[in-house]
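Below is the structure I would like to discuss, written out as structure tokens.
Labels run A, B, C, D, E, F, G and H following the written order; every chain starts at residue 1.
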């Protein structure tokens, strides 16, 4: 790690004791039920994101408060409406994205202009929550996002009419359930990086998203990168990294 | 069974003894290593088909001879080239379809004109053996067959340029491996019955055709019927039944 | 696509601008929570069907209203009784099929006489909801449907007594859970196309319909087409396409 | 164990020292590459059976010799023809069952008359090796065995014509691959115990016998007992135990 | 079928018309939500058993009434306590077995003395409901049943102390969850037929009973017959058939 | 498609007949056993790549010749040494990469300077063939590639000493078999896009790469994109697209 | 068993009758709904542990009472808060560990000083309940336990800063969900025995802990022992046995 | 890492430059086709072990030579006889263990006396290669090993007669295929740590060792640690670590 190397050099120069060096590496704050890694923003270019699924509304509100105290943005995923109500009562300035199930409050101060362009493509309306999670998180991290919804392969004219828009993006995220065929079609239409998000939409032999996942991993369009089932957040992280790689 | 009912009526009229009735139901010929059901042509509209996979070339040649003696057509699937050589040495009039791995000799006498029109669509050249097995068997049973090869979804213009031809068929069979997306695309383009054949083409998470099979079962284009992995023969049987249902 | 080709010719003749051509291809109406494809009737021979599983009663009622405004039939599947009550309160003329969990209101005007004959065969009474979904949808699309219920293979006389009726159909749909053996038996008794619907009926090593699905895919009766687990709707679509192919 | 209890009583009476008691329990003979349990005949009613799959022809011949020295019958399963030749050269009096892949030489002395009646039913000719393994082992242990071959459900008249014979047996063993539907049909026709043996016959989604195994475990005919895939030997053991329970 | 053969002979003699013969084969009574097969007692030695899982208390009460009207015994499995209360209110003479979740009322008239002896062995107390379902059903059909509970392999002395009792039975049913090792141990201790019932007891990699099922199918003690996960009823049917085969 | 749109505009202007427009879309050359898509270079930024696994050495040599005739680069993956010898005999100027199993001959003319920087990280020496396939393909398409071999997590100092190098890349590809843990560790050390390639290296419960695949899809380091098992080629395609997005 | 051998010797000496010997082996107390094995402490070094998952609060309270009457410690796992309230009302002296979901009351009398040192390492805060179950049980059995929480591989500095502490333990238990990579990293850093506990933390392709389980079984760090998913208790048992093996 | 910390302190004292510190951490020797980690002996208490499966006999011979040059022991696993012949020709002093498929040559100099006692228990003779791999590796690392072969649960007296010996060991390794029941039985008989090694011995539903693996993970005897299928080496590593923890 370059952080480690820098510390090592400081130790070598006598500027830092070995004990202090160890302490420096720990920027985490323990809230009892969770640990916030307040240094992540420096290490990974974006602040800690709170995963709301296993936490109560009160716990999320506390975490949002701690992030505010640290002067950091708050971004919480997988929040159901009841928990969101609790958090918004405590933090009226946080924004609630109901379809994405995301809470977001930017870091204080002027926001940088969004860069690049990420296309988020969604096969069916049932896949929308996953696609929106991806889109809202990507926007929260300063990317410009275009949405293309309900353009599944059963009606090809829908995706064909969007090709120019898709080609204008630096990265295309394709969200689909059932047989997960849309990334293969998109991958053959554009030369930009394509990321695929299988969703658990479907029933029977969809096996909770397994059919879509296997379909995407075996895409006949080479060069499709796949994330976990329903993982709109993970796709946003990777798309944002790619977009920023290419941003002026 | 109406055969059973007819026998029952004959027994009731005293035209047939119960013992003879039982004997009549059995038209099979035992060759030691296999049993030919020579009555199938009458019961199921097409003669017994020999599955060549577990049999030696000599055994297949014997079966072909028995079918000739019974005045029936010979159709043998899953024949590898070495076995085919053995059979063709014994029966020079039988035709060898090397890609389909099928041996075929029509029943003696004039052949009826082919009816209807079955389209066999094949995603990639690696899927060809399965598609050809389907096409050759369907032709052997008197169907007119059109082939569309190498039209996978990674290059959409390929399938789009065939839409009119597909719409002219009474039934479309789509053969694809890897993620098995082609039936979903075809199913959205035509209003005719679509049958899907997953193939074991692929590697890694294709799991021997499982990915394609699941993809086809979960097709977002409603009304796609699926057969077993690599089962070009089964698709031919069903397509032929459908085609003949609608044939003038 | 022939639609596309027609548009292309119109553009070539100067009868249509490229921009208008693009717009024409889009007949969808956005209701906020869903998008109705009002052109599907023209493209696919039958109108858009609403999948009720992920929608509220109010949303379904709205969609039914939009279809009425467009002069189209309304067909909604996977509707539970509570949602059905909401929809029927808003649309008293819609018909509720409680076992099939389907709501249906035909398009206005005189109904065409039903054509062909589809046999829907059901192994056990627990498989009835899936079989009825298939039967009700097929009837809604103008097919004549015969039902054969509780004729599983554990009591063979039940299916044997129906053979003549099955042979009179243009296509036979067989619905079964547990080991899914009934399609193999039916496939050996008739020469018409056989479609198989595995259901999630069973427990333990039935694995939610997987055992029945695998049983049907591996049927020793060649030429059985299989759809997804519990997918009575998909079977109806394919059976209707086959039946109409052969209809006078 | 009653053997243990008998030894315990002998120890209590002082008729046996604890050390001797321990030694008595061990009747095994170590041949270096394998251990023969020569006491099994006394404990389990039938002698040790040699599983030939992982052993060389020479090793099998040695084991057969050791059993001869102990005055016991020799029964070897899963023997391929090359190994069989080696063994038969060394032991010309042993009998080779090529389809069952079994070697058998009865214990010296007069053979008891066979008892009871076990029906072994086989769906297709490809399932024959497994069915024959079952039949030959059952006969080797003194059971009377009736064979019914090539009576799969795709041609129901075949099994229907055997019903009286099946009902005359004390236990029916049904061997089938592919979808494994035959035990369900047989189980509905007889009131005797039914054992089912799935075979690895099939391809694609048969998954090496998994489809047949699941089909049999989920049989809609209650009371079917299932053994491992291709385990004709295991079915013979259980059938023999059942048959002898009921034997006069 | 011998019934069929008898009918055939009657038809041949002119004692029965073909139409009446067909009617005779159908002894089922349609209750709207279910169909009772009142002829099963004659065909299969035991009356129809009602599977309570998918039915309401009222529906079960109706079925119990219909069985009473037909002079038949009532046996209902998979009944939860709330449904049982409803049925018992309507039929105070029916007996409720709470652990087995079974309702039972014998056929009217004197009961035959129980025959044979079935041992039901249960690995842990969590497996008791499945073991009791097996035991209660077996008793309802006139078998004498001995229970051996909480004798899992983690404390071997428990099963060792029961060996004499197990050897006295005509058939031993072993019920176990988790790794399902108990049938292997029992199978090595007795020479009687052993049936194994995997249960869904366990968590994590038990996968709902799959681990126990696989363990039992691969038992190193040859000749163990396996039924579906949690299928105490199926084991009772097979055990009863075996026990009666051997009964004097 | 913008190609389609361009053609459409040409048709609208009368510059192109509809028939010619259709013909233009097809740039494929049929060689009998395979079809070369010579237009792909224009559509997807890189020429057609030949998948060598299912082709003979002679067939590959023919394809390489056809690409030469078209003035295009030749890149063939999954070539075993014997096939490579055949191809090199016919085309002495093609380069053979034995570990990667890749044949490559650049397009004629001066090669552009490589751009960007892709890091290919390989957990163990057994994973090398997959990693080299990725590296060689990426280099063939004009990317600068750095290799880091044998840096698995069982000896953490190995990957820690490479962190600065990894951070200097535009995209990091991590190739690992067994438990597939390395992408999680790398993902936590860099802020660049990370792509993960599971390999089939391992045995037993590795299940042919499934364990590594699942490990990578569930990485606790958010934003890792995964490709199919052993799919070094697919990772190269996606990495190249990402690298070029960000290239000056 | 040495217990058995001791009894055998006593029987040989006439000090014990065979009947008494049998009775001695049974120290279990039947409470109707469960059987307590009060001899386990003597046989296995630790008393019977109550698995709370399938029992009511009242039943647990009864079992705790029976253990008190026998002068034994009470340890109950998988207790939810509502049940814990019931038990604590009846036994105010029992201690409730809410995160571990464990109830514990030591055996009466002075407690022995804890021995050895077990390190329990936990990847994420969501894995805490499983890690605490392990830690609390290990402490209850007299081991000294050190906890290391939230040290997953996505932030390597966290585990690196604990290496000295881990090396000081006699055994290290690593608890992790998702991809389960932490045991591989720890296994490369220490030379002490490492036990791995996969948890069901994760979603989608985590498949309820399967991904973590497979990851740990395929660890590239040799010598990691794995227990069932979420089985903190099992890890505590094995760790305690290892720790005590090495304790002075 | 304490190595890292020691280096860090040396750097702080000025005794070591940061550059040298980095170099020190790398003790690996690159042989082209493989990389030897010659520092592992210092880090992990035992030298690098060569995995022979994917290497040629010549390559193994080279690695053995390099280890000799470094004055280290040579231990090679998964060596087939043909490769072993090649290595032994080059290094006549290396010892070949044919059943274990292991080559071993101790480090030069006097060998330390073996410590502790590891019991290796093997269910059947087919499991011997895995058990011997475990035993030979454990002995190579200085542990005293006792073997108990062919003591599977189908004949319980075999394992019961070994209980005293098992209790005398510090750790018991149990190797079993098929249903993998033996660890559950052993775990209930001893209070020492038990490690379980599933083997791929079996067929059909054994699924290459999966049945044994699941059986061992779900053992009703708490505290059994499991390694990968056929991983005798991994069990030896963990057993050796445990044994040495407790060694005087």
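The definition used in the following text is that a contact is a pair of C-beta atoms (placed from the backbone, for glycine too) under 8 Å apart; a residue touches a chain by one contact, two chains touch by 3 or more.
Since the model is a prediction, treat every value here as computed from it, not as a measurement.
Of all chains, E has its CA centroid at the greatest distance from the CA centroid of chain F. At the interface between chain B and chain F, two copies of one sequence, fewer than half of the residue numbers in use appear on both sides, so the contact is built from largely different positions.
Overlaying the C-alpha trace of chain A on that of chain G calls for a turn of 90°, given as a multiple of 5.
Repeating the A-G interface, with the same residue numbers in over half of the contact pairs, is the pair B-F out of D-E, B-C or B-F. The distance from the centre of chain B to the centre of chain D, with each centre set as the mean of the Cα atoms, comes to 38 Å. Chain centres here are Cα averages; for chain A and chain H they lie 43 Å apart. One finds 26 Å separating the Cα centroids of chain G and chain H. If you average the Cα atoms of chain E and of chain H, the two centres end up 48 Å apart.
Annotation for chain F: residues touching 2 or more other chains are 1, 4-5, 43, 155-156, 160, 189, 204-206, 210, 213, 217-218, 228. Contact residues on chain H toward chain D in their complex (touch as defined above): 125-126, 149-150, 155-158, 161, 203-206.
Contacts from chain C toward chain B in the complex involve residues 1-2, 4-5, 43-45, 49, 160, 163-164, 167, 170-171, 188-189, 191-195, 213, 217-218, 222-228, 233-234, 236-238, 240-242, 245-246.
On the side of chain A, the complex with chain B involves touching residues 123-124, 152-156, 160, 178-181, 184-185, 187-189, 202, 204-207, 210-212, 214-221. Contacts from chain A toward chain G in the complex involve residues 1, 4, 22, 25-26, 28, 33-35, 37, 40, 43, 53-54, 198, 200, 208-210, 213, 228-231.
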